[in-house]
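These notes open a run of structures that come right after.
Paired with chain B in one complex and with chain C in the other, chain A is shared by the two complexes that follow.
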Partner chain A sequence: MKNPIWFLLAGSLCALPAQGQTPSGREILDRIDKNMASETRIVQSSMIVHGRRGSRTIESKTWAQGTDRSFTEYLSPARERGTKMLKLEDQLWMYSPSTDRTIQISGHMLRQSVMGSDLSYEDMMENPELADDYEARVSGSETIDGRDCWVVDMTGVVGDLAYPLRKVWVDKSRWVPLKEELFARSGKLLKKIELSDIRQIEGRWFPMRMRFKDVLKTGEGTEFIVDSIAFDVEIPEVTFTKAMLRR
Partner chain B sequence: MLALKLAYRNLAGAGLRTWLNVIVLSFSFVFIIWFKGFLEGWNREARRDMIQWEIGGGQFWHEAYDPYDPFTLQDAHGMIPPVFQNEIDQGRLTPMLLAQGTFYPQGRMHSVMLRGIDPDQSILDIPSRLFHEAGESIPVIIGTRMASNHSLDRGDNVTVRWRDVKGAFDAAEAVIVDIFKSNVPGVDAGQMWIPLNRLQTMTGMEGEATLLVIRQNTKIESSHPEWMLKDHRFLLAEIDQIIKTKSMGSSIFYIMLLSLALLAIFDTQVLSIFRRQREIGTDMALGMTRGQVVRLFTVEGTMHAFLAAGLAALYGIPFLYFQAKRGFPMPEGVDDYGLAIAEKIYPVYSAGLVAGTTILVLVAATVVSYLPATKIARMKPTESIKGKIQ
Partner chain C sequence: MIKFLFKGVIRDSHRSRFPIIIVIIGVLLTVLGSCWLKGVMGDMVDFNARYYTGHVKVVTRAFAENLDQMPLDLALVDIASLKQELSGLAPDMQWISRIRFGGLLDVPDAKGETRAQGPVMGLAVDFSPESGEVSRLNIAKSLVAGRLPLNQDEALISHELAGKMALEPGDVVTLIGSTMYGGLTMTNYRFAGTVRFGIHAMDRGAVIVRLEDARMALDMDDAATAILGYFGGGRYSETRAQNLSDRFNASLAGEKDEFSPQMMPLSRQDGLHEWIEYAGSMSGMLVTLFVLVMSLVLWNAGLLGGLRRYGEVGVRLAIGEHKGHIYRSMIGESVLIGLMGSLLGTLAGLAAAWPLERYGIDMGFAMQNTTMMIPTVFRARITPEAYYIGFFPGLFSTVLGTSLSGIGIYKRQTAQLFKELET
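Presenting the complex of A and B:
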């Protein structure tokens, strides 16, 4: 589940500077990056997929380095246990223990939902460099769950962004995004992300619970819960190799 | 002539035994001709349908396009070379643009191939002329399989999401303006047809295409190093291979069926030679050579095949004619396997097929008739007359 996290981590940011005065978009991005980004991280998480026939929880552990490399191992349920995913820049491989095969996810498969969630493999491939890729503008101030937030509109300044438009609600005091909306080039809303259970971890504020919602799909969305997270820990280089998928 | 007369009398005298052999052999005749005709009919229909609906008279592919490698698809597009523009203007070529996307019928997410086609084209049977303005929505034509699989109908709206040439997501509402029926799953299942200009604009690929379809029976002299000409031999190789495999597989049935019939003839021959030893001895005592006697018995056995051919003609011709006219209905759902299969297959019987099958059965019947008869050559006439087992 590294990717939702990743998505979240790198993806949903914008916030501002000091209370009382409106910060610039750039300042907000910098503050969020400072708060949430890290060189490496190890995340143990649970993904709760709400389907028509009920909900199911998928636990996983992810090792991630920067925005380009991540390795995820699914821990439960039994059916998914042992499934591994490796993302290296714009390539994604998946290992399935039941078939003992490693396949590269490609073509139409990239558009499929990841284990029935509101995230597609394509979403997992995103590598947004927000500060460099977007121009941010504070468009207002709103309250979310009792927290004062800056509303930040982001417009892509480079052409190869999956989501050319984003809107982020950033906690004014903790510099953590509490809500994000992702739009298509046409302005159509595609995805919503709600972030909650903000905790201070290793001196930084971090959302431990996120809800992803593909607004084009029916359903209640997918919850992503961080059970534990460690920042800037050393991860062996071998972790991000295809050989690790079969181990 | 004498051998023929004697053979016919002996066969007629054998009564039911002869007719059972003949009937079984005639079944083989009819079945082999029918099944081979069925495969040939399927082959012709599939080729015709694929040409009309999917491949035209051949195609030029963008050099990066490989339908079997999805990794190539996002890069498999390029500006239509000016060298082809004249051919396009004259309606001898029509460009097609392919892009992968996702659509959301009833809130469910499904992959789809977006195919941009010129609304004015007449090279393929895709009813592109039915595209009409749908306001802000994208006008879309789909096939019946696609409509059935996703519960879509004319006038329905569905959200479509795609990535533009730079990778940015975009999405819009599409409206189903028409649903067509085709025997070719390749243009139907998982495919959405969109006006070419609209798809080019949606993806930011103005003036670009993935492939160019050639009108049937048209030779395009122009060429471009980045656009690869694919002829019928290449584009129909898949269906050719499938038919070939089917044909090979069905040979097992032919062999089994023929074996049963020929085994019956063989047994009959062995029994005849055993039971008619006195007759054989008498024939030889009266002056027939061993070769003449062997020939007599061989002709007798081979005559089974002639009679079977006659019987097969008697009931087979009306049956095969009926099948060729009315067709053989295929079970529902077989075309979902990804093969071009019509609802009915009309068998095609060529003269070569009928002659070939007849010769095959005649030769096989002659061989199995001759083999037991060779025993006669080793018989002693005196012992045979006595009826002694040799």
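Presenting the complex of A and C:
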């Protein structure tokens, strides 16, 4: 085994289905959610947008609570510095210091790119807990970057999902997606996501680097790098209020 | 001879009335159709040139591949030096920078919260008097309320959109979009006035801002989505535009960079080439069609006339007039009828085209979803061609019709004439 972390994991793996046994789709989604979702988290990240004219790095800090509330402040570059975003359930507001305006992002604007990246505002509005929104079925087993993965086909069970169909390659032992393909209801491929640099943080496996590619857009895609992440920390209630946007 | 034939045509109205009426109707329709086509197609080309394509347009190669998407990130840079180069290449032309961009217009309420929101098409224009853009885009005459943007971050908004969003001149709105490098941009604009261009694609949701303000907001210092070139005198010349584009593009043929500039003549943009060819071929088809249809009608009229004049021709043959002379005199009559009919038909056609040129027909109801630069009011255009185009079908069809029906003269047998005349 190339990765010594496997030895550390050996104990926890006892609780999981044996390698030869195929878990149910639901079980896989629950395992993913246990890794990826948390009560609260504070993430400092860098988003590198690879466009046709070069690359731009956008740094931000996000405070999130459950699946419904998040607050993001952009730290750099200078043009974007001070821009803030607030998500409360299914509503999204944006504040720009240059206009001193708080604007609600809705309708077709939700499908627009965030800061020129391959991520849309709609992506940011997604419920991170997959088990709530999708029904899953294991369709096979494949190897991604030398790691055995379950191939899981997911079908949306709630309306108004940005991606009603998804295909996810889930690491069989760490229960983290390594690759995702997101589709429209028609079956047209819309986005590809590659997740890497999986690290164990506070007892959970988490991808520290993600590469998003909007297949309908030119360019080399967007890298999302988690510079630091803290799970289940206390975040003051006031963080998730519109008043914080102007502060 | 001509005088003699002319008197015959005038005095014997049975011989000339029906063919002249047919020729008048045919020529009227030809002239009117030609003026209408010229007007509609000409307006389309002119509107596109003024608002979108220029007589030639310079964009990056990458932009040219995605022309319909107006990708801001593929815009031209180093505009000042490029314009200098273009002025050296064609010193008599005017070179104008423009920025077209998409965005979202957000209207705040008293608390600064979103009251209304809608997608808009942004156009950044050089309002300086040297650019001539205010008159080229007919902005001053299109103003419905308010005034032109004079100060920093002032904007004009289409009258229709302002009405929908309940905006009044002086209100502040926020324009949200992307910079040339993909970043988010939000800019407050003071709404200076409303405009109505009579082009549905613009009247539906256009926001016009000053070029320097857009450059600041969109992070486009010394950049533009396109440089438009206009020939002196404002008249488009396909040959000149094509030659200029070929010369400019040939000088950059060795460049591999997808952001190097590329010049396109008006006709090579947005399917306008097809429109221009279509207009030319439609005009030719219209004239050919009328010649054919009228020839058939006049052939039939000639046959009827021939039957009515059966006795006359018989007598003329009986008294020794040559068949060729009779045939030629009938052709001569048809030329006179054709000329008279064409003259009257042309006058009638011009009279019918005039109100269409002056007032036009409002087709806005049929263009609710169009994104093309088409005027909503279609107008005819009386060109010098309209004064003579009707004479071709008018004369040709009359002569052809008479020539065909007159062949019967040669089939008459002199030996049978008296027998025929007795009956």
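To be clear about the criterion, the second predicted complex is superposed on the first by the 223 of 247 C-alpha atoms of A that agree within 3 Å, B and C clash if a C-alpha of one lies under 4 Å from a C-alpha of the other, contacts with A are read in each partner's own complex, and residues count from 1 in each chain.
Just so we're on the same page, a contact is a pair of C-beta atoms (placed from the backbone, for glycine too) under 8 Å apart; a residue touches a chain by one contact, two chains touch by 3 or more.
As the structure is a computational prediction, the values presented were derived from the model and not from experiment.
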Clash or fit, chain B versus chain C on superposed chain A: clash
Let me test your reading of the model: by the given contact rule, A:P164 touches which partner, first (chain B), second (chain C), both or neither? first
In the overlaid three-chain picture, which partner chain does A:K188 touch, first (chain B) or second (chain C), both, or neither? first
Would you check which partner chain A:R79 touches, where first means chain B only, second means chain C only, and both and neither mean what they say? second
For A:R53, select first, second, both or neither according to whether it touches chain B, chain C, the two together, or no partner. second
First (chain B), second (chain C), both or neither: which does A:T99 touch? second
In the superposed arrangement, does A:S113 touch chain B (first), chain C (second), both or neither? both
Touching A:Q200 in the superposition: chain B (first), chain C (second), both, neither? neither
Tell me which region of chain B runs into chain C after superposition, given the options 296-304, 332-340, 350-358 or 368-376. 332-340
Across the two complexes, find the residues of chain A that touch chain B and also touch chain C. 104, 106-109, 112-113
Which of the residues in chain A come into contact with chain B in the complex? 104, 106-109, 111-113, 120, 156, 159-164, 182, 184-186, 188, 190, 214, 216-219
In their shared complex, at which residues does chain C touch chain A? 62, 73-74, 104, 106, 108, 112-114, 117, 119, 174, 176, 178-188, 219, 258-259
Mind pulling up the chain B residues that touch chain A in the complex? 70-71, 73, 100-102, 104, 106-109, 111, 113, 159, 161, 163-164, 166-172, 190
Give the list of chain A residues in touch with chain C in this complex. 49, 51-54, 56, 58, 77, 79-80, 83, 94, 96, 98-104, 106-109, 112-117
